[in-house]
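Labels for the chains are A, B, C, D and E, by order of writing; each one numbers its residues from 1.
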Amino acid sequence: MSAITQDTAIRTGRVTRMLIYVTLLVFTLFYLLPLFVMVVNSLKPLSEITGGNMMSLPKTWTIEPWRQAWSSAQIGVEPTGLKPYFINSILMVVPAVAISTVLGALNGYVLTKWSFRGDKIIFGLLLLSCFIPFQIVLIPMATVLGKLGLAGSIPGLILVHVVYGIGFSTLYYRNYYASFPTELVRAAMIDGAGFFRIFWRIMLPISGPITVVCIIWQFTNIWNDFLFGASFGGQIQPMTVALNNLVQSSTGVKEYNVHFAGAILAALPTLLVYIVAGRYFVRGLMAGSVKG
Amino acid sequence: EDVEVLHWWTSGGEAAALNVLKQDLATKDIGWKDMPVAGGGGEAAMTVLRARVTSGNPPTAVQMLGFDITDWAKQGVLANLDSVAKEGNWDAVVPTALQEFSKYDGHWVAAPVDVHSTNWVWANKKVLDGLGIAQPKTWDEFIAAMQKVKDSGKIALAMGGQPWQEATMFDGVVLSTGGPDFYKKAFIDLDPAALGSDTMVEAFKRMETLHSFVDPNFSGRDWNLASAMVIKGDAAFQMMGDWAKGEFLRAKMVPGTDFMCFRTPGTAGDVTFNSDQFAMFKLKNPAAQAAQNEMAKAIMSPGFQSSFNVVKGSVPARTDVSDAAFDACGKMAMQQLKDAAANGTLLGSMAHGHADVASVKNAIYDVVTANFNGEYDAKQAAAELVKAVALAQ
Amino acid sequence: MGFLDIQNVTKSYGAVEVLHRVDIDVQEGEFLVLVGPSGCGKSTLLNMIAGLEGITSGDISIKGRVINGVHPSKRNIAMVFQSYALYPNMTVGQNMTFGLEMHGVPKPERNAALKDVAKLLQIENLLDRKPGQLSGGQRQRVAMGRALVRNPDVFLFDEPLSNLDAKLRVDMRTEIKKLHEKLKTTIVYVTHDQIEAMTLSTRIAVMYQGFVQQLGTPKEIYDTPANVYVATFMGSPAMNVLPSRVVMHDGTSYAQIKDANGADLLLKFSQANMAQWAGKEILLGIRPESITDPDGADRNSGNIVSLRNRIGVTEPAGADTFVTMELCGKDIIARMRADANVGAGQEFDFAINMDKAVVFDPKTEERIAP
Amino acid sequence: MGFLDIQNVTKSYGAVEVLHRVDIDVQEGEFLVLVGPSGCGKSTLLNMIAGLEGITSGDISIKGRVINGVHPSKRNIAMVFQSYALYPNMTVGQNMTFGLEMHGVPKPERNAALKDVAKLLQIENLLDRKPGQLSGGQRQRVAMGRALVRNPDVFLFDEPLSNLDAKLRVDMRTEIKKLHEKLKTTIVYVTHDQIEAMTLSTRIAVMYQGFVQQLGTPKEIYDTPANVYVATFMGSPAMNVLPSRVVMHDGTSYAQIKDANGADLLLKFSQANMAQWAGKEILLGIRPESITDPDGADRNSGNIVSLRNRIGVTEPAGADTFVTMELCGKDIIARMRADANVGAGQEFDFAINMDKAVVFDPKTEERIAP
Amino acid sequence: MTTTVQMDFRTRLQNWIPKLVLAPSLGVIMVFVYGFIVYTVYLSFTNSKILPSYDLVGMANYTKLFQLPAWTLAITNLAIFASLYIVISIAIGLTLAIFLDQKIRGEGVLRPIFLYPMALSFIVTGTAWKWLLDPGIGIEHTMHLWGWASFHFDWIKNSKYAIYTVVLAAVWQTSGFVMAMFLAGLRGIDNEILKAAQIDGASNWNLYWRIIIPQLRPAFLSSFVILSHLAIKSYDLIIALTGGGPGRSTELPATFMYSYTFTRNEMGVGAASAVIMLMTIAAIMIPYLYAELKEVK
């Protein structure tokens, strides 16, 4: 949207500008502080952490904790590090994000451009589903997955994430498509394109900004999920479960530097997504005028 | 055929210990599917277990504590290990107090791996020596010793303010205040009279006294950080289960010379225990059942029991295992366990779910932690305890 | 029976009927314009022809075949939308050939058709641009091009010019007109701009509140509007409508009106049949261009009535000067030559061409003469 | 020295200069209209007067006081925006009194002012509505009302009518005109609609590419445009501009042009000074209304030249009929009376009023006569 | 000719496809969300303990629930937490958005910095803040090392104040996202309105307070809905940051529900608390949805 480059009509004095910059700086520090602590401490030997100041820079710099967290820390009986779980997470996240995004786009498309009697109620139902606390679905979900033979498998996990991702992705796409003229669809209909062709050739190619928002949202939610991963992952546990095993072991020795390194490693893909796609995030929010 | 094992032993030492079992099974051509879920002392694992069981796909074996085993057995989802038990003569070598949990309705359903006991005190010997403090034998001596430490400017009692840590301390305090019979009446029989008795009020008062020896930052601290305080000599004592020993050993401290281990003053001869067991779940596939039996057998083999517990810092669940491989503290613990089992003073730990079902345990936690954090005074706490326990039953 | 037949068509949304028994038949090669104010149902009717909206009752047929239930893509019609509805993700060339592609026309043929139409519309150099990189007028041409390549039975235009600025609108209007004269395809064209309607159409349907008020050639509509609504809707500035009364003098009928000072004036009717309304109230409609300065009056008219009255506001508009005066308590607009010598407030001799006057029944507002 | 003085004002965005040394002085009570195509810098100039954009160089002064650095709120200026810019969260009443409130006017006075203005604009019954509940024309009135309550030194209007449909635009135009005649406040008004410019203004500044092309009364601009750009920009349909050559016969100067068949024709100049251009190329500008059917020709003109030529397209537009013909290889538009007897393709005698012709230098495109 | 509308095959197909496309999503949601909610409601009337049981016990679980002091505490905590969390997040988000909107140099750098916490999982957030807030090792300790001996900040250790530290960490995690929503809202405001207000004589303060902020209503609403549902669902953060402590002073309904269902083996009580939570969510969401769907045509 070109409006991003619009000039603000508001003018501010020198003193106000100073204050603004100072405030922004303070908040920058506030937001960066925890990250700083994690990074700094992941580069120290353990003794420096338990003994010293966690804000101070390492006296001895070491990347050993990172190496350990990645490839040799004890996650289960085998000292595998987080590496294998990373693959599991990718195998789960990518299809789950893709499917829920495509479904959301299709639903949004139907709900805005092919409206029929009762579509608003359906949208309401989909939207309300975003707000269900996940703890309550655990037991019935397990029963259903068991019946479907999907318990403890990647497809099972994907199903779960897709189900609870549909609400938000539908919301995003619906609001976005609502701002597009219905004439576009009508023109394509007269041109002879059917439902799917219109979607594929017309709607999808213009969905860039909102797809970014949707993917960021779904990716972070699914990647960071622990509850479903632990409960329904079976042998194929995702990264968060592994990180949890690394960090939460209750009666063993706690290697905080490794924990921090692991935590950052686990967060790396989502951070990356935010940094790479973050530029489009506000734009996408604007375009989708997110409401809810 | 493989066995799938759900457990929360994910820290270095524990996992290494478990690897012994895995390797043992590998020699019998039994594969190991690992399913570790850490968090909250097994809480997360129990949640996962529910999901697995309801989905009709339970793991082969699950690390479990105390009444959880009984609860699951009640649901009729556990396997029958009687044949293996008979073969290995488990009835004879496992203390009856443990058998209460390993058996349900007269049938073996779980294989005990270790016995931890919770009424331990760990102390930094250099600090004590420096202040001229000897190992306290009675509660009063213990208090006096802590007062001395406090006066010297050091922290007397290192602890982490998490409900289960407070409850672990409470185990020892109640036992030392009321003795084994009272403990049994209060925590195992859940006798309201005992729960609300003056003795219980006294126990809560002792908790308050302990609170005065704790540094202000105790809340939320992990237990091993508390141990680190003792190790570094910032604090003198820690009241914690025997898993704390690992921390001291890792810091290259030698039992008896660098650090001391002794039972909570006033509880000599009594042992409050908790025991990690592998509950075996009912399986349909006969080959899987065979593997499951093999696993149970392997767990109960003296070799595994010894090597696992040496690493873990606990003592074997079998009383007939040689103590040769254990250190001083370990040898002492094994002896005391044997004696207590014989004397009937081997008591399930309330804090670790070996005295009561989960709901009651947590109800007691609530009161203990409320008292320790100053919300209830001792009298109130005792009264609330009666109420909470009644509500949770 | 026409080429495109709209018979007794009604449209309801729920309980609300927005089109009432519309009957229009369009001949092959005709340029039918639907005009009317916002919300009168123009787009709805067009969408029904296109198949984008269902028909509540009645029939629409093309070449004698009823197409009520036929899918839009099978009707062989092409439509140009108000917002153009160009596919933003495709280039101009892709936009224009998309329809052909959907109909399975092979690539070489598509390209040939594209080339022809692009040449016709002079957009050959734009074919690789995206719609976002085009000006309003260029977009408009692309939208037309998209329709043209299809070679449809009927073109539908839904206010295709309303997004353009005034100057461009005039240019594009001429181009559409030329195009129609060249291709002779049947066109149904929606607008609410009456100048567009007048200049483009072979016939006009004036719609209001879901009814077709009048269907006729531009000249019929302009000169003999069916009712007051049509009369005032078509023409800018709008036709002056004066409440008046018919009086008879010596067998001749006159319209009696009041000037700015309240004095009675008589305007002689050219229309023959006014006698029967003698003594009755009527509405007298006179278009601004029929009220001029004496020099500007139509030399071919047989009945120019002179009328002295005080000038209100004057609005020089370049080619013409518009003058306001008061008659019968209403502001009346007259159109003068640009350099007519008029000044606000002065008394002036207006020349009224009564040949062009239209008379309405004040109750039904229907035209009663000529 | 005027009331509002724009002296030598330049505006650059970075390296791009979008306004070049603009010099305009506006007298008290004047209605100055800025016209020009999109992007020519109209809004920029207006915003600079309002203080919403900085001035790169030059001075703007009101009542002799230079206001270059004065904050918008301190300039005593009121502005009406193209999109009205009504505060959507406030009622109509709040919208209109917000400015007074900001200037610390006490509530009773605010309400009194509001009442007066609401009455003037006939929006008394809308005061409690939100802008979202108003029609386009009503919003327009509220936007004006918001400016009116302030009683400012200068009103600025930035294309206030461009969002309205044609009919409403005409009505509102008249209302603005009336308002100005009543209040006599100085107004600077931006539009790109030249009819608006012609009818409303006391003076017009025609802008193009950041330059003021001509500043003058509507009549000056229309009859003696400074250059080809102004000539073709003002007037609709646009002035016909024919490449031609001056030839002398018997001491009289003629413009030599070619008809549709390529035959040479001579048009006698009314302008005196054409002899000096003898033999040279010129551009001859003739407005459509100066090319008529013989009956429609201006009876007061001294120099009507008759010209037989083939008719191209005819566009009956109700009040007039526009006729296209070819001269010098270009499409020329003529404006006929509505019922002129013209048919496409036929030969016809056009009457050209050469008194109104304008002549331009083909190189500089500046006017050389009259 | 007949007046009954006979549709061709393609038209009928095209009429059905949208519904068919929507059907799987709808079906899945009906089962996996609404079905499960019904199931939970049913469980709340049973004596389920460790696993679901189907013996009805009437209102017993609800009676018990409201006798538990921890539940009252959880509800009170939620009220404190949610109101502070929502108000502060919106205040910070709005302030940052307004500041960032002033043509700030380096906006492109600041925006991702404000946003990134949203990308982190609870384990990371919780652990990092637990450290920072711990007086023994965190900020207080550092301040002491830097020579500010009187600095005192031990809220996380104090049962009265611990809930506020949860607010702090939660605000840290989501205020950037709120900022993004407000920024999008600000960028969508018509520039001419701002000009009009300046000409009307509004100061910057009045401009924001009277003109701009009232127009951000949709952004406020969306932020409110997203934040309130996060507040009600807050579980991960509590577990990682305070574990519900000190004592049970930071217990929230979500942690309460989890612990009764899964660690205390009182699934019936857990289900009852879940039902109460769902009712709270519905009470907030349904009016919002209703208004929203009525407005968007």
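One rule holds in what follows: a contact is a pair of C-beta atoms (placed from the backbone, for glycine too) under 8 Å apart; a residue touches a chain by one contact, two chains touch by 3 or more.
These figures come from a predicted structure and were not determined experimentally.
Novice: What is the shortest path, in steps, from chain D to chain E when you may only step between chains that touch?
Specialist: Steps on the shortest route: 1.
Novice: Any chance you could name the chains that touch chain A and chain E both?
Specialist: For chain A paired with chain E, the chains in contact with each are B, C, in label order.
Novice: Looking at chain pairs A-B and B-E, which one is connected by more C-beta pairs in contact?
Specialist: Between the chain pairs A-B and B-E, A-B carries more contacts.
Novice: Which chain is most remote from chain D in terms of Cα centres?
Specialist: B
Novice: Please indicate which chain is farthest from chain C, where distance is taken between mean Cα coordinates of the chains.
Specialist: Chain B.
Novice: Chain B to chain E: how many Å between their CA centres?
Specialist: It comes to 38 Å between the two C-alpha centres.
Novice: Taking the mean of the CA coordinates per chain, how far is chain B from chain C in Å?
Specialist: That gives a centre separation of 92 Å.
Novice: Report the inter-centroid distance (CA atoms only) between chain A and chain C in whole Å.
Specialist: Chain centroid spacing, chain A to chain C, equals 56 Å.
Novice: Among the residues of chain B, pick out those that touch two or more other chains and give their numbers.
Specialist: In chain B, 40, 47, 50, 53-54 touch at least two other chains.
Novice: Give me the residue numbers in chain A that touch at least two other chains, ranges are fine.
Specialist: 9, 138-139, 141, 194, 244, 247-248
Novice: Residues of chain C touching 2+ other chains?
Specialist: 51, 71, 73
Novice: Tell me, which pairs of chains are in touch?
Specialist: Pairs flagged as touching, ordered by label: A-B, A-C, A-E, B-E, C-D, C-E, D-E.
Novice: Applying the document's contact rule, which stretches of chain B touch chain A when the two form their complex?
Specialist: 4, 8-16, 18-19, 22, 32-42, 44, 47-48, 50-57, 222-225, 228, 232, 241, 243, 246-247, 250
Novice: Spell out the residues on chain B that touch chain E in their complex, using ranges where they run on.
Specialist: 40, 43, 46-47, 50, 53-54, 71-72, 74-75, 161-163, 215-221, 357-359, 362, 366, 369-370, 372-375, 391-392
Novice: Mind listing the chain E positions that touch chain C in their complex?
Specialist: 1-3, 5-8, 10-11, 14
Novice: Name, in rising order, each residue of chain E that touches chain B in their complex.
Specialist: 49-52, 64, 67-70, 130, 134-136, 154, 156-159, 162, 239, 242-249, 258-259, 262-266
Novice: For the complex, which residues does chain A have touching chain B?
Specialist: 50-51, 74-79, 138-139, 141-143, 145-147, 151-152, 227, 230-232, 234-235, 237, 241, 244-255
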